[in-house]
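Some notes on the structure that comes next.
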Amino acid sequence: MLTALYRLIFSIALLLPIAANASEADYFITSPPTQQATLLQGWAAQPEASRLPLLEALQQGRLPDDERKLRLNNRLRGLVDNALASHRLLSSKTDVRLAAARQLQKTAQPAQVAFLDRRFATEPDETVHAALALALANLQLVDSDPAVRLAAVRLLGETGDPLARTRLETLLDPGVETDAGVRTAAETSLAQVKRKLMLGELLGQAFSGMSLGSILLLAALGLAITFGLLGVINMAHGEMLMLGAYATYVVQIMFQRLAPDALALYPLVALPVAFFVTASVGMLLERTVIRHLYGRPLETLLATWGISLILIQAVRLCFGAQNVEVANPAWLSGGIQVLPNLVLPYNRIVIIGFALFVVVLTWLLLNKTRLGLNVRAVTQNRNMAACCGVPTGRVDMLAFGLGSGIAGLGGVALSQIGNVGPDLGQSYIIDSFLVVVLGGVGQLAGSVSAAFGLGIANKILEPQIGAVLGKILILALIILFIQKRPQGLFALKGRVID
Amino acid sequence: MRGVPLPAARPEFMLEPAFDPNRDAGSSRDAIGLGQRVIGKGLDVRHGTLLTLEDISVSFDGFKALNALNLYIGVGELRCIIGPNGAGKTTLMDVITGKTRPTEGKAWFGETLNLTQMSEVQIAQAGIGRKFQKPTVFEALSVFENLELAQKTDKSVWACLCARLSGEQKDRIDEVLETIRLVSSTHRQAGLLSHGQKQFLEIGMLLMQDPQLLLLDEPVAGMTDAETEFTAELFKSLAGKHSLMVVEHDMGFVGSIADHVTVLHQGSVLAEGSLEQVQGDDRVIEVYLGR
Amino acid sequence: MNQPLIVTAAQKAGPKTSLAVGGIVLLMLLALPLLSLLPADSSLQVSAYTLTLVGKILCYAIVALALDLVWGYAGLLSLGHGLFFALGGYAMGMYLMREAAGDGLPAFMTFLSWSELPWYWAGTQHFLWALCLVVLAPGLLALVFGFFAFRSRIKGVYFSIMTQALTFAGMLLFFRNETGFGGNNGFTNFRSILGFSITAQGTRAVLFLLTVLLLVASLYLGWRLARSKFGRVLTALRDAENRLMFCGYDPRGFKLFVWVLSAVLCGLAGALYVPQVGIINPSEMSPTNSIEAAVWVALGGRGTLIGPLLGAGLVNGMKSWFTVAFPEYWLFFLGALFIVVTLYLPKGIFGLMKKGGEQ
């Protein structure tokens, strides 16, 4: 009853001053704050397209066509936001309407129910429709009439929005919702919403698993080459990732200083730069240290760990121990909204594609080129290859450079999604070794499936039992798995020569 | 030949093998009832057959390394296995010692022990010793210690923690050291021995193990003629007390020791019989010996 | 891995000299705690800082010895010994926390507003049970992990990586507040042990003596093992595992025994480390710590008994000097040490000394 009365009063109050926008603005500015609030509430309930410039100006704290600052208190600012959202719902652009509907989910007032109801009935876009349903239901859920609440609960059941789930979950509590009928309906609706959300969640988990997998793959691919093909355990491999990421940082700085207009293109330039930097570092290490340790894997492990300590500390001294900032260019930020609860960020999509691209490239390099042939020959029988005139020393160096370079490319990718700091590599090295162990030594196909398998398993376990326990469980699973297949997923069977 | 531990007076085995070389290939299972007389401790060899392999197949990703192979080795027999490269000789040894599991087929040691269900260690403890193609000894240990480790005794963790060599065991080691002519190198590190000496050390380790069946993969590779000759004598003296299965390429060596030869080709038995018989077989000549 | 196994260090490097040197070092170590009890104005007085530092290094030396048993003798390079060390330390720390808290909850639990102790804290107020845990926690973990790892014949670098992953997982687990071990901060602010104040000089001296005792006992144990047939089987296992299996030995049992023994020694060292240093936190489990222990052993000379002790002493001595004098360059130095030792000192300092002695 009370709301109805209010509505009536507002309508009458509104009818009076409507003459022109300018007069509305004048009227607003001359009114005392309490009346300003009433005005805004009225506008929110009955939006008109012509009022949009005024509200937009108000939101920025000024009047239209006027540079003077306008002081509004917090409450008024909230009301302005709400009224503006209400007006923007009239926009012809879908994304503007969607943002407005989202805003209204949080701020809508009971007085706006009628207006929202009308928009809800006519809204053509499905997403906006769902968002409006939620905004509307949010209002109706606090209605004193159980029938209205019941309708709202049913409405919520038809949306697939994560917010609807949280809203419905609170209704299950008898302390919040007194009517038993509404509670039962809430339960049914909740089940409905959960079903709808399930798809998005599953896809989301699969996607973030793919994303993690692609990163693991980029990290592990180089390792699969150095470890699998050359039998070298490179503990400094993680630091190659780190160097790649820092190379990206440096390229970004250069662009900012020298060519700010082309800044958006810096990741593309960073790719070759990172590859060459890390490949040269890798080749240098191979020439100076690792070459002397072939056939002594445990010693190689220790020596390369030493190298990694030196690299980390060197980077710390050059760039500082703090993380450096590598920003996504515009074309890598944002994402595609696929479902209400599923947004696929562009940077991750690009990285998945990039990882697969690198795999294909590596495969081609190893299987279709002279270098690849040499590498495989040296892998299988070093002495024989040397006898056939394969320059084994050079091949080792190039293969090691290739492995490191791929890690550098991985570093560029990592810089786009995570923090870049001196310890970056350390957090990936163990995971990527597990990928290599699980995938089987020297098997590209094994590495690919192990990387994605581990990535997806990680992300599926994470919400159930937490990230840490998930990691531990996965480690246990790998150990158990190796019981069955000691050579990894894709092992060549054969007579092992002792 | 001084010092070679001759089998306790059973000259009939030396002169007449416990096996009739004239029987058809693969039919030696119930060869002769001599098994009872040389019965190994605890191992049931009632029918005189120490090792029975039937229809053994091993395939590696579609490639058949062994194909429905049948092989019977009698008690106290000295059997030579020959065959071209890739015939499956080493895979055969792997199957017997449990290193490779056959895809199908039966493998019995004596009458009661199913080799396909035993681990490598169990098989070794049951009495099958193996010498690798490449001599494998414990390089960081001395010759004496190598032999000590190989000695037939309780090989559990606990036993090794409190093990002490008895006088008897020491005598046995000295005896074998003499047999393999390494007395002067007793305390040398095994890694410093020559190739031929390592071969002998490994044979010596087999002797210390005192197995009923010895599998020897190319035992005379890298040996001088004199060493080869000595090895031949040694093997002949071992036969009878032990069964031996020797894989060898050196036909001269095979001729000097073998009473019974099996020819493997593409994973199955091509021919079996005395050396002359085998050498006369047309198929063998075609695939292996050459005309 | 063809270098000869130096069965007993003393025997080959001239028994008299090395026994004499060893005796002097032992006497000095025994004298140190007594000197610390002297009044502060005495010129011979050893400060609590020095005593703690040396005690800490001795604990590390025990870890090095334990690691050497598995790496030097059995050829299993563990990069996860820090986990066993920390588990022993945490077990002791549980007792110390209970002792400090009296009848109440340990401080960090009150801070997390927990109302009761988790089940695995039961009984930790009893010193004897805590001692059992010091042995059981690392021992059982090593047993289970080793059982599966050795069953599937994981060896070489695979084993190293698995152990590193294990300690990494352990670190992540202990970093969580919910695990109930004080999360990030671990255990600290101990007050007393068996009623004696933990900061009292007498307590420190006794703890130090116990550490020396444990070190000597582990040394003796290692010496007995290395001389026994068991030790020879381990060496054989390291060099030719297949040959050993065809000799009729089951490598799993041998590996498992020495692996668990090594883990328990680490746990005991950790248990002595915590009351002396006064803190235990998850960073003890970080892979970096464990791999550092490998360089102590490599520097000193693996496959020997004295080498690891030497290595642990040298590296940690240098570490405490460097981190005061040139903190930025310590990692450079440590990294270079890793490289130099593997490239030029395959037998470690001890091997070098022995070679020098022979020439």
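Letters A, B and C mark the chains as written, and numbering starts fresh at 1 in each.
Rule of thumb we're sticking to: a contact is a pair of C-beta atoms (placed from the backbone, for glycine too) under 8 Å apart; a residue touches a chain by one contact, two chains touch by 3 or more.
These figures come from a predicted structure and were not determined experimentally.
Colleague: Please identify each chain that touches chain A as well as chain B.
Modeller: C
Colleague: Sort out for me whether A-C or B-C is joined by the greater number of C-beta contact pairs.
Modeller: A-C
Colleague: Taking each chain's centre as the mean of its C-alpha atoms, give the chain farthest from chain C.
Modeller: The chain farthest from chain C, judged by C-alpha centres, is B.
Colleague: Could you name the chain whose Cα mean is nearest to the mean of all protein Cα atoms here?
Modeller: Chain C is the most central one.
Colleague: From the mean C-alpha coordinate of chain A to that of chain B, what's the distance rounded to whole Å?
Modeller: Chain A and chain B have C-alpha centres separated by 64 Å.
Colleague: Express in whole angstrom the distance between the two chain centres, defined as the mean CA positions of chain B and chain C.
Modeller: The computed centroid separation for chain B versus chain C comes out at 46 Å.
Colleague: So the centre of each chain is just the mean of its C-alpha atoms; given that, what is the distance between chain A and chain C in Å?
Modeller: Those two chain centres are 42 Å apart.
Colleague: Can you list every residue of chain A that touches 2 or more other chains, as numbers and ranges?
Modeller: Residues 498.
Colleague: Considering chain C alone, which of its residues make contact with at least two other chains?
Modeller: Residue numbers touching two or more other chains: 242.
Colleague: If I count partner chains per residue in chain B, which residues reach a count of at least 2?
Modeller: As it turns out, chain B has residues touching two or more other chains at 132, 136.
Colleague: Quick check on the complex: what are the chain B residues that touch chain C?
Modeller: 97, 99, 119-121, 124-125, 129-130, 132, 136-141, 145, 148-150, 152, 155-157, 160-163, 189, 191, 205, 209
Colleague: Could you pull out which chain C residues touch chain A in their complex?
Modeller: Those residues of chain C that touch chain A are 77, 145, 148-149, 151-154, 156-158, 160-162, 164-166, 168-169, 172-173, 175-176, 242, 287, 291, 294-295, 298, 328-329, 331-332, 334-339, 341-343, 346.
Colleague: Can you tell me which positions in chain C touch chain B when the two form their complex?
Modeller: 1-5, 225, 228-230, 232-233, 235-236, 238-240, 242-251, 253-254, 257
Colleague: Under the definition above, what is the set of chain A residues touching chain C in their complex?
Modeller: Residues 233, 289, 292-293, 296-303, 305-310, 312-314, 316-317, 426, 430, 433-434, 437, 468-469, 471-472, 475, 479-480, 482-483, 486, 498.
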